[in-house]
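In what comes next, chain A is part of two complexes: it sits with chain B in the first one and with chain C in the second one.
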Partner chain A sequence: MRNMLEKHQDSVYAVQLTELTKVYDGRKIVDNLSLIIPAGEIFGLLGPNGAGKTTVMKMIAGLTQPSKGSVQIFGINRDDQPTAIKKLVGLVPQDNNLERDLTVEEVLLIYGRLFGVDQVKHRVAEVLEEFNLEQSRYKQVGVLSGGLARRALIARALLPDPKLLLLDEPTVGLDPDVRQDLWTIVRHLTDQGKSIVLTTHYMEEAEQLCQQVAMLRAGRLALLDTPAGIKQQVGKTGQALGALESMFIKLVREGDA
Partner chain B sequence: MLTDIATVFWRDWVVLHRRLGTFILSRMITPILYLVAFGWGVGRSVQVSQGNYLDYIVPGILALNSMNISFNSVASPLNMSRLYHKTLEEYLVAPISSLSFIIGKVLAGTLRGMISSVIIILLAYVFGAKFQMTLFFWLVIILNCLVFSSLGFVAAMLIPSHEEMGNFSTYVLLPMSFLCATFFSIDKLPALVRWVLELLPLTHASHALRAIGSGGEAAGLSWLIMLVYIVVLLGISVWTMEKVRE
Partner chain C sequence: MGWYAVYRREMLVLWKQIGRMGYVFSSIIFPFIYLFSFGLGLGDRVNVDGGYLPFLAKGIMGVTVMLNAFQQTAGSVSVGRLYFHDFRSVVLSPIAAWEVVLGLVLAGVMRGIIFGSLVFAIAWGAFDVGGLNSLAVAGLLLGSCCFAALGVAVGMLVNNPTDVSMINNFFITPMTFFGGSFFPLQNLPHWIAVIAQLSPIGTLNTLLRSNVWDSGAMWAAGTLIVLTVCFFSWSAWLYSRYSE
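== the complex of A and B ==
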């Protein structure tokens, strides 16, 4: 097992999805999706509502079992080491699922202990400082603002120092200044060598942050490219922001047709 | 595994500790009402073979109250956690076994059931009830709490809405509260009804507590049935944890 877990050090990709399929009540939410997500980059997973983005994230995180296909994380098949591999992955869910009855510090302590973090109190103090949460340390999660709660969610996911961070709609519903603040945090994480997969509805966000984006439509891969490549495909001379949005709208309309 | 169980348990203890005063006060209301209504009220005009009716019903009240508290301490919050708050996901992504999570939750529910049982015992003494408390008496209460915490876990993981959780309590727990030898002996009930009730764990918890409380011994069958329920319900709990990932 140790050898398998050390394998991720040399892996050039963070995630490899092979013919990944998820069926709920007879309906294919994710359909035969194969995708390679490089290590050390920010990778965007885009698509309209119901495209299967969150389900893909859940399958990578191990929250949901695929109906078919496989998930490899840093070269390790999830089915081979389902428990050990969880230490490599941090998930920031779309909804705030911090326990409202607990303080920020208690949430982090529990999470750290569940992940077997060494010197957990020291590590919690580090993370609180890193995410400017020290003043909210003894506050119950239920009273946190949206921005602070989002910070706490990211801090919690990063507490066990995962190599891969999954951000599911990380800035949805946040004020523009808080969003900018979180973008800075995300960029800083790749400087630390983290691999990041994020889903977003904001084309601007994908444009600003991602080295590569995949667009999903009805659970299938509709497009995989860099924002610059998409700009070229759209054939615009303007900003790539417009290109990504144009491509998104085109794909959605093709899907509806 | 022990660390993981302790962490899950600790989470519930932190929440309980923060609300301990409210918890204790709220848990006194129902037993006081039972003791006043059935002990002082009805009980003064009722004589049972074992003697005083108050002494007779205290084990029954203990059994049904520890059932309700253990069940509700696990079922309702866990159901909300799974369906609405999504806090269960925190544990599903953590590298801990399903069994560690289940045992942590079930023990936390058992603790709450035990605290409420202590409250009832103290109140029963205040009301003048007389019964013997031995180690086995406490063991029966612990087993009863474990049975219904485990049932609460299973219900929370399988029932698809919080509203239906209420229905489960109405259709399953409420009838048991009154029929499982808590307030009256089931000996005079029709044979078929008695046979069904003898299959239920609360009947055996009531029988066992009453037997030990009056200076006797609990039947081997009562111990066996409660243990079988615990093992089966824990097994189903593990299955529900796998099912929730589907």
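== the complex of A and C ==
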């Protein structure tokens, strides 16, 4: 098992999805999706509502079992090591799912213990400082502002030091200044060698942060390129709206047609 | 020691909830009302070996154990899974299924023991009901294990937290009233008495009220152990197949 987990150090791919499919009540939410997400980059997963972005994230994280296909994380097949592989992945969900009765510090301590983090109190203190949460450590998470809750969610996900961070709509509903603040955190994480997959509705966010983006439509891969490549494809029509936003609207309209 | 991390998580949340007066009150109000209404209203009119009040106090302690170990555990898991989504922090962790279930069951056992003991302590203070022997303590532990393990399974199984109340209506409430908690089973029609005797609450009541480790007590303890193993295995299987 140790050899398998050490293998991720050499893998150039953070995530490899092969013919990934998820069916709910006879409806394909994710349809035969194959995708390679490079290590050490910020990868954007875009698409309209219902495109299957969150379901893909949940399948990568291990919250949702695929109906078909496989998920490999740093070269390790999730089916081979479903429990051990969880140490490699951190998930920041769309909604605030911190234990609402507990304080920020208690939430982090619990999470650290669940992941078997060594010297957990010391590590929690480090994370609280890193994310400017020291002033809020004794606050009940139920009363945190949207920005602080988002910081706490990211801090929690990073506490066990995962190699891959999944950010599901990380800045939705946040003020522009808080969003900028989180962008800085995300960029800083890649400097530390983390691989990041994020879903977003904000095209500007994807353009600013991502080295590569994949657009999903009806659970299928509609486009895979760099933001610069998409700009070239969009050409002049992209000047008014921004290249990604133009491509996004084009794909949504094609899907509706 | 993954189970201990899960257990500590559940206990920390429980202590926060106990800190709110309403939580403790709502956890014991139902048995409290039955204890005093039946105790004061029927105390000297029902003939039971050893007296009706000790019989009733142990029966209501059994009901309290069942309600708290089962309902609070099923509620915690189902609401955490389906409503607040905070159960994801457990699912995302690299802890094996049997350890997760063990941690949840032990927390359920604590819920059963805390509130069961509290209700019995009230009965002990208010009426002449005697103390608890080793069989009653074993019953308290095994009954809590059995109902907590069932609570984990139900919490993992339901698709809506309100479905737990359906399980209550069809299984827990009938067991509460027909399981021999309030009156001796021999007063019931034979076939109902047999079913009640075999039910988890029936076996728990047998153990709580036994005075010696005779064949009846051993059989009751064995039944609770077998049921606990079945519910535990079922819970671990459901958890290992967890998918949102």
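In this section, the second predicted complex is superposed on the first by the 252 of 257 C-alpha atoms of A that agree within 3 Å, B and C clash if a C-alpha of one lies under 4 Å from a C-alpha of the other, contacts with A are read in each partner's own complex, and residues count from 1 in each chain.
Definition applied: contacts are C-beta pairs under 8 Å (C-beta built on N, C-alpha and C of every residue); 3 or more make two chains touch, one makes a residue touch a chain.
All values reported here derive from a predicted model rather than from experimental measurement.
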Worksheet item: Do chain B and chain C fit side by side on chain A after the overlay, or clash?
Response: clash
Item to complete: Check the residue A:102 against both partner chains and state whether it touches chain B (first), chain C (second), both, or neither.
Response: both
Worksheet item: Looking at the overlay, does A:91 come into contact with chain B only (first), chain C only (second), both, or neither?
Response: both
Item to complete: Check whether A:114 is in contact with chain B, with chain C, with both or with neither, and answer first, second, both or neither.
Response: both
Discussion item. Just to be sure I read the superposition right, which of the two partners does A:80 touch: chain B = first, chain C = second, or both, or neither?
Written reply: neither
Item to complete: Check the residue A:63 against both partner chains and state whether it touches chain B (first), chain C (second), both, or neither.
Response: both
Discussion item. So chain A touches chain B in one structure and chain C in the other; where do those two contact lists coincide?
Written reply: 61-65, 83-84, 86-87, 89, 91, 93, 95, 97-102, 106, 110-111, 113-116, 156
Worksheet item: Given the complex with chain B, which residues does chain A contribute to the contact?
Response: 61-65, 83-84, 86-87, 89, 91, 93, 95, 97-102, 106, 110-111, 113-116, 156
Worksheet item: Contact residues on chain C for chain A in the complex?
Response: 1-2, 4-6, 8-9, 12-13, 16-17, 84-86, 88-96, 241-244
Worksheet item: What residues on chain B touch chain A, complex-wise?
Response: 3-4, 7-8, 10-11, 14-15, 18, 85-87, 89-97, 245-246
Response to the item:
chain A residues touching chain C in their complex are 58, 61-65, 83-87, 89, 91, 93, 95, 97-102, 106, 110-111, 113-116, 156
